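As written, the chain order gives the labels A, B and C, with residue 1 at the start of each chain.
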Amino acid sequence: MLKPTYLQQIKAQNPLVHNITNVVAANFSANGLLAIGASPLMSAAIEEMDEVPRISQALVINIGTLMGKEVSAMVLAGKTANQVGIPVVLDPVGVGATRFRKQTVQTLLKEVKFAAIRGNAGELATLAQVDWQAKGVDVGSGDADLAEIARNVAEQYQCIAMISGATDYLSDGKRQVQIHNGTPLFPKITASGCLLSALCGAFLAVAEPAQYFDAMLEACTAYAIAGELAAQPLSDTQHGQFYLGLLDQLASLSPEKIKQYARISYA
Amino acid sequence: MLKPTYLQQIKAQNPLVHNITNVVAANFSANGLLAIGASPLMSAAIEEMDEVPRISQALVINIGTLMGKEVSAMVLAGKTANQVGIPVVLDPVGVGATRFRKQTVQTLLKEVKFAAIRGNAGELATLAQVDWQAKGVDVGSGDADLAEIARNVAEQYQCIAMISGATDYLSDGKRQVQIHNGTPLFPKITASGCLLSALCGAFLAVAEPAQYFDAMLEACTAYAIAGELAAQPLSDTQHGQFYLGLLDQLASLSPEKIKQYARISYA
Amino acid sequence: MLKPTYLQQIKAQNPLVHNITNVVAANFSANGLLAIGASPLMSAAIEEMDEVPRISQALVINIGTLMGKEVSAMVLAGKTANQVGIPVVLDPVGVGATRFRKQTVQTLLKEVKFAAIRGNAGELATLAQVDWQAKGVDVGSGDADLAEIARNVAEQYQCIAMISGATDYLSDGKRQVQIHNGTPLFPKITASGCLLSALCGAFLAVAEPAQYFDAMLEACTAYAIAGELAAQPLSDTQHGQFYLGLLDQLASLSPEKIKQYARISYA
């Protein structure tokens, strides 16, 4: 059973989370991190990639609107983060869409040790070399076993793998958990996945490596619950209100709320 | 009379719309595209400009915060889109403001065939070589005949030309239509024009070239109506609420609503 | 006593404010400038940095997500602005965080004459070479005398210095003013400081150099009041609603409101 502990530590420690993220998600991710009590720092400047991770407690790398010159910045930041031992999260946005994204993610996975990889089914299916009809940066469709894809990615890259969707799949290669909280409004707003990846960084920032799985589980459950509560008073066309309400709900999350609403199943 | 048909097809086909856009509009455009049922992909990386248009159903090029290196990415994406035959929309943001923007737009118009060009009066006046006191990226003022400017641009560049403003002017060089829907709140929020250009991409994505004029007319009318409905409950100082409400109204548009509220006049 | 005069002039003159800002703040700053009646132009393209300041009435330089290549664009824009005599505002976001930011700000302060520098306590403490435990781009903590830091920065760089916080400190090297308006929600949303820097540009744009101190005082007081009024109906977890409400309140500011709510103390 879920024992929420990391959200409180985020509020107590206010960890600095270094984000190399895309221009679509930058503002939303920063506001989301502030909402849960973390401190965002957005930077992709190669000139400071050997420094920012040293003052940060986590690094989140998101390739959503990646430009060529940023690959080396991501690698340098990742290597620096590995050196100083802070957790690194990868969000392989649209990795299946182009050769450039595939090659960039291959480079990142080769050069950097990731604590967690979070994406949608299409993105993790690509990492697991499973057939999937992805669609640009959207999930697309396929009939592969998502739990198996998550386990495969976790095992292959020795990290926590998380697949976001109607049901979320979390695995560390051995344990398998499914999160049933959430709302159909999540995929209706942009950067909702990117924001979760950023939040995962904050939860890992306050956890010991041995607890990364528990921290990721709390992060993903907390986020799904915040979305669920934000959607409750809304119709399915109130995208704008959901975009804002999600920030309000993230800011009002508590261990009690997470415990009360969590709907998790262990495989 | 307007027979709304394209919005339904967007919801049915969920077209992927490739946007090379500015950092101010990226998030808002992505959320707006999701709101009408399209699928946004934001990318300006030259490394994938020969690929993204091949998996997309439309390309939207917006020069709002253009950096020098992006010109070649825009050209490559545009040429690729022309090759595979998907529609390309140009939003010449602030083209009159600097030599760099003028030269970039000249290059784009020379190298790429555009299905539609959408901008404000000052921007299209610049393309029509008509005197106009533009102001940065804002409309500025002039007394030229806007219907004539739209016709001129459409004829000169063999595309659909659309001028946004209190009244919208649409022309394909022969037909002339004016759209009287809208709200004074549109120019009070940033990127409202950029978002319309992105939506035009989605409407063209589901239309045959012979129907591009009808698709643009539906796109611009639908958007003006969404703004009108979003503004209805608001005072003229509720900019923030309008910013969000517009997304909600876009998400709840329907052919019936468009038909009911459309105020169009044919010259 | 504060005699609000500049907000009216902004609404009358609609000054064009050139912003070289970060990707997190770009959209929010543009919407905030529109809300008070100014006209935003976001651009960091070196190709037009010798032109945009010539058509603008103020320039705001913000290093929040600075990339290496942008330094020369900032310098060129700043020099051009100095040449044509428009005010330049510096927002040294996270200047204490990395060598790259320190060096960039040193370069800017050497090459460009700033009318005003606005930042948080940690950022201005860094410029004043005062001990401070900054934290990434956040304020961090220290026990230095903030009024003295503001005076020191103003004197050292011959400009108006402004420190944002629970209490705002404003100085021109001789005069010292503290602004007591505001809300704890300001630091809970991203880019709230960046937006104020952008607004300072608009207020300076309509002021004579001899009145820059008064214009900055009105700008910072007006902004703090807008935040105060936006927060009034909200709980401390309604970050999203505050983000939007702030834009609505900025749009409905008036000289009367500023005069009515201003809580200022002169040292």
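Criterion: contacts are C-beta pairs under 8 Å (C-beta built on N, C-alpha and C of every residue); 3 or more make two chains touch, one makes a residue touch a chain.
No experiment lies behind these values; they were computed from the predicted model shown.
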At the interface of subunit A with subunit C, does the proportion of residue numbers present on both copies reach over half, so same, or stay under half, so different? different
Can you tell me the C-alpha superposition angle of subunit A onto subunit B, nearest 5°? 120
Distance in whole angstrom between the CA centres of subunit A and subunit C is 32
Subunit B residues touching 2+ other chains are 23, 27, 243-244
Going by the contact rule at the top, pick out the subunit C residues touching subunit A in the complex. 22-25, 27-28, 64-68, 94, 97-101, 135-138, 187-191, 235, 237-241, 243-244
What residues on subunit C touch subunit B, complex-wise? 14, 16, 18, 23, 26-27, 30-31, 34-35, 39-48, 51-52, 55-56, 243-248, 250-252
